[in-house]
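The following pair of complexes shares a single chain, chain A, combined with chain B in the former and chain C in the latter.
Presenting the complex of A and B:
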């Protein structure tokens, strides 16, 4: 297609020009591949817009400048066009780094940024969706140290030398109370401490049938090759240095490859990145090896874990909804979350998502004691069996001290909608009830 | 019916009534004065035409008041500055008149007619006699309304209303919690405007975070309920600290917003919308 558009044509009258030539005249070269019917129509209209006037006749109507409407940079361009009241310039805020030594009670209420050593790792996986909005508003990305953060990280530090089956924590709380943020702080803390971290920011994407799935022959299980491959790539890039030093202990078969004992885990993961069909086997071997070795602890961090405890959006061959245990990759994670498999040193920290009500899991809520149902209500026993031994960790709303620290951070970042003052802080704190997400929208958007 | 009517007739009025005694059923010796008296008495002429109204006592009172005014108006001059007595409240007046119950409209009508009589100067003694029945005595005047107080638990109770919403609000010293019908205000009100209006009295007086609010609200819609709570909070705050009144009045927190839905009028679609105008 493209080559026809780049042929040179002599300048002919409009009716004599070919379609291709007309399009080429109308469409700039860099967009030449994106020719649509509308482009042709617009080209024709543009030719009509210039009326021919006889000499001596005054042109009382000034032709409107169409350049203003065409330009796409209405927001970031000339400063004179922007209302200073609403468009304040972004001010990068200077924050301390959130390193393991700063996760103490003295630092509660201080907003701390992710360490520079950790940011490249965190950028491999996306931030949780709604937190991303706050991070894009104030740079660099930073979170406040809260009392719940400190107590959770104390637990994690104690879990460093114990099997992961003993530390399977689920972060719970109302919508917008800071579960994903606390999980992110845990991930950052463990990366700084040298753990191997497997961070899944959006488990619901695994279960909403957005990834292709194939049936494994002679079983009732399904495998998601592209998902497994993506995950393997993420693990590889997040934990590069740590995985170079760990080697496999025995022979294994992944896809069409035989892995000898003594291959580094990063080399193993590279196979999974290159071949999606082998990725599932790669990750199973990887998890097994990490479970056996004792030098480096492993953290599995899963956000939106409630999607693991409800039927998926995938269909079986009979047209019935698949349970998570029939998908190999989620089942692998469920084994570690439920304690059926365990790392010798490590922890499993998960967080529920209360924002998207469609993915709420009644089974998980009942198992954790969040919800009570009638004893006659039939709950899926297979799903219930995965919830045994989960520890519930409640994330409350902001205390006044924490909210004050966040308010000062917003003030420095120049995102407050109204003029900052103590009465304004009290107003926002009381009207939002201390809920972090509501506090943010109240401060930054005034709603 | 007869007792109070009789007393009004004899002491003040002027209007003559034929007082016919009920027939003595047992005596056959008394010769009947008219053909009607031979029967058991149901065809007797009543003392006053008010007998045929729904509320004879009330009706008779209104008629008497009107008659009194028409009698004395020619010999006196109405004066706007004449002193009006302190009339009894509705319950006391009900007892004084001698009915079971008085509607507010009936009470108001009686009071307006009494006030009209009070404008006649110099005040005739007959009218003075009427007034003595329906005005407050010395001891009643000294009784004052129960003042609003902060109770033994530190709570001040006040009510606020806006449109059809009605809120009863407790304000107690605390750290700034707001509970509405048991829920936190951030859960109960979805609009930030509503949440802010609840806190408006505190904001105006710089007392944010010093008081807790417990509000029970029903009726109306979201904004109406929010404004009702706001008014209640302001009144309760006045109970705690009356010196805040000028500040709150300036901020407009203690003015009861009288705006209500306007009624529909006949001959129109709604309150204001008219039918299609036809030239002819």
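Presenting the complex of A and C:
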């Protein structure tokens, strides 16, 4: 018996063999693949012996440096990293650029990315919140060209030479039907075409008491200096090249500065960025100058415009809720949205937000014909007066062709939860009813 | 940490929820103060500027809060006690004052009702001690021993 045990081991001195080798040698050959209790114990001991610390290195917990590349590739979830069990690794999809020549009926159903010239401008203002989730899953950010996009952009192109009071459009539709996305495409189109664009992705943040406000003495109006300064900075960074060529036409007083005629608008905006107290005056002068000049058309694009037509969360000194017309910056925008002031060349395109019920505006819904109320119901007449002449533009759900294009895009981007196939597409399209947001969650999350 | 009129207001707290830390200011008065000073609702204590802090302290010192309010409440209850009214007697006994039943359920009154007078008693007792003769006086034994 003894000789059988020792045939597998070399005849070396005991000290030259490692402990593991001796353990292995003690196991008979026919049982070599079996796990013995002693082998497990040895393995455990071996693991414990493994981390050898250098002299002087502390044993205490060290925070791991999060690699920036990882968080850039994966989505921007709460943990900054997508759960591997639910999300497949991101695959960048090659898409054509959405330039004005591609906004035609032939391209309906194709998913197109924002042009590289436009992306730095769009990144200044941040995408609408819920669209951001989709853009973070598939890179680069891209949207499908829809029939409603093409017809809206045709209207915008016609509006290029007409005053903005004639083209005041409100995009309406059910929650998740693609209003913010269509507005983003309009902004991209106008930026590519060389317009000056003032894009406000989240108007509700202006009214929900998140920015400081001060009363203007001897009036009932209030100023929001930090908000005005932020907006001035955004306009400046989005439209840098266009604003260098436009100059002011008359002398103006902005805060404590005097602006001579002939200052470039970008220099004017820089004053507003540096001094928050002057920012409101700066933006008023800026809008006046843009309204007068005829070379470059101006687009005002406001998302969540329903917050402009309901009482704000700010309070007057008596403790009563303020209407948007009492805040100087929203009132300036309301003047252009309602047509009381107008750009000589330009358009005003706005979109409602039907996702958050708390910010819905009954006045706007009644004025646009979306909702009907009893004739005895008292609606705020002051708010109603701002809604005159607004054109309603409905954004419907996806048609089958558009949904197919989006489905192919998700397939290429490796975002689909289940295996892609024609029956799966039909399943997702029918169960979501063609609603873009529901279609996305159905495809990406299998809900 | 902003120290204002005897109360510490933590920097990271919203002003709307820090003001009720003062005795005498609740949710409604806090909102009224914010409206009067044009402070937005998401403003934190750390975001307040120097002029705003000065305005706030001026406004608060004009209001009746903290020790002034406590004195007023104590004075009102002491008035009832001193005129010998039913209300005063109930406060002294620590029982319900406003005609509630005491057969059952007078727990809150029994726990809370005497506290304004206990504070007064402490003050009186310190006064009383001053007329008791000190141990070193010659007639101390005469006054302090129990005769009957």
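Everything that follows uses one rule, which is that the second predicted complex is superposed on the first by the 360 of 447 C-alpha atoms of A that agree within 3 Å, B and C clash if a C-alpha of one lies under 4 Å from a C-alpha of the other, contacts with A are read in each partner's own complex, and residues count from 1 in each chain.
In this text, a residue touches a chain if its C-beta (ideal position, glycine included) is under 8 Å from a C-beta of that chain, and two chains touch if they have at least 3 such contacts.
Not measured: the values here are computed from a predicted model.
Looking at the shared chain after the overlay, A:423 reaches chain B, while chain C stays out of its contact range. Contacts of A:447 after superposition on the shared chain: chain B is touched, whereas chain C is not.
By the touch criterion defined above, A:438 lies against chain B but remains apart from chain C after alignment on the C-alpha atoms of chain A.
Contacts of A:215 after superposition on the shared chain: chain C is touched, whereas chain B is not. Shared-chain residue A:316: touches chain C; no touch with chain B. In the superposition on the C-alpha atoms of chain A, no part of chain A is touched by chain B in one complex and by chain C in the other. Residue ranges on chain B touching chain A, taken from their complex, read 176-178, 184-187, 192, 195-196, 199, 203, 206, 208-209.
For chain A in complex with chain C, the residues that touch the partner chain are 209-215, 222, 313-319. By the touch criterion given at the top, residues 423, 426-427, 429-433, 435, 438, 442, 446-447 of chain A touch chain B in their complex. Contact residues on chain C toward chain A in their complex (touch as defined above): 31-32, 34-36, 38-43, 47.
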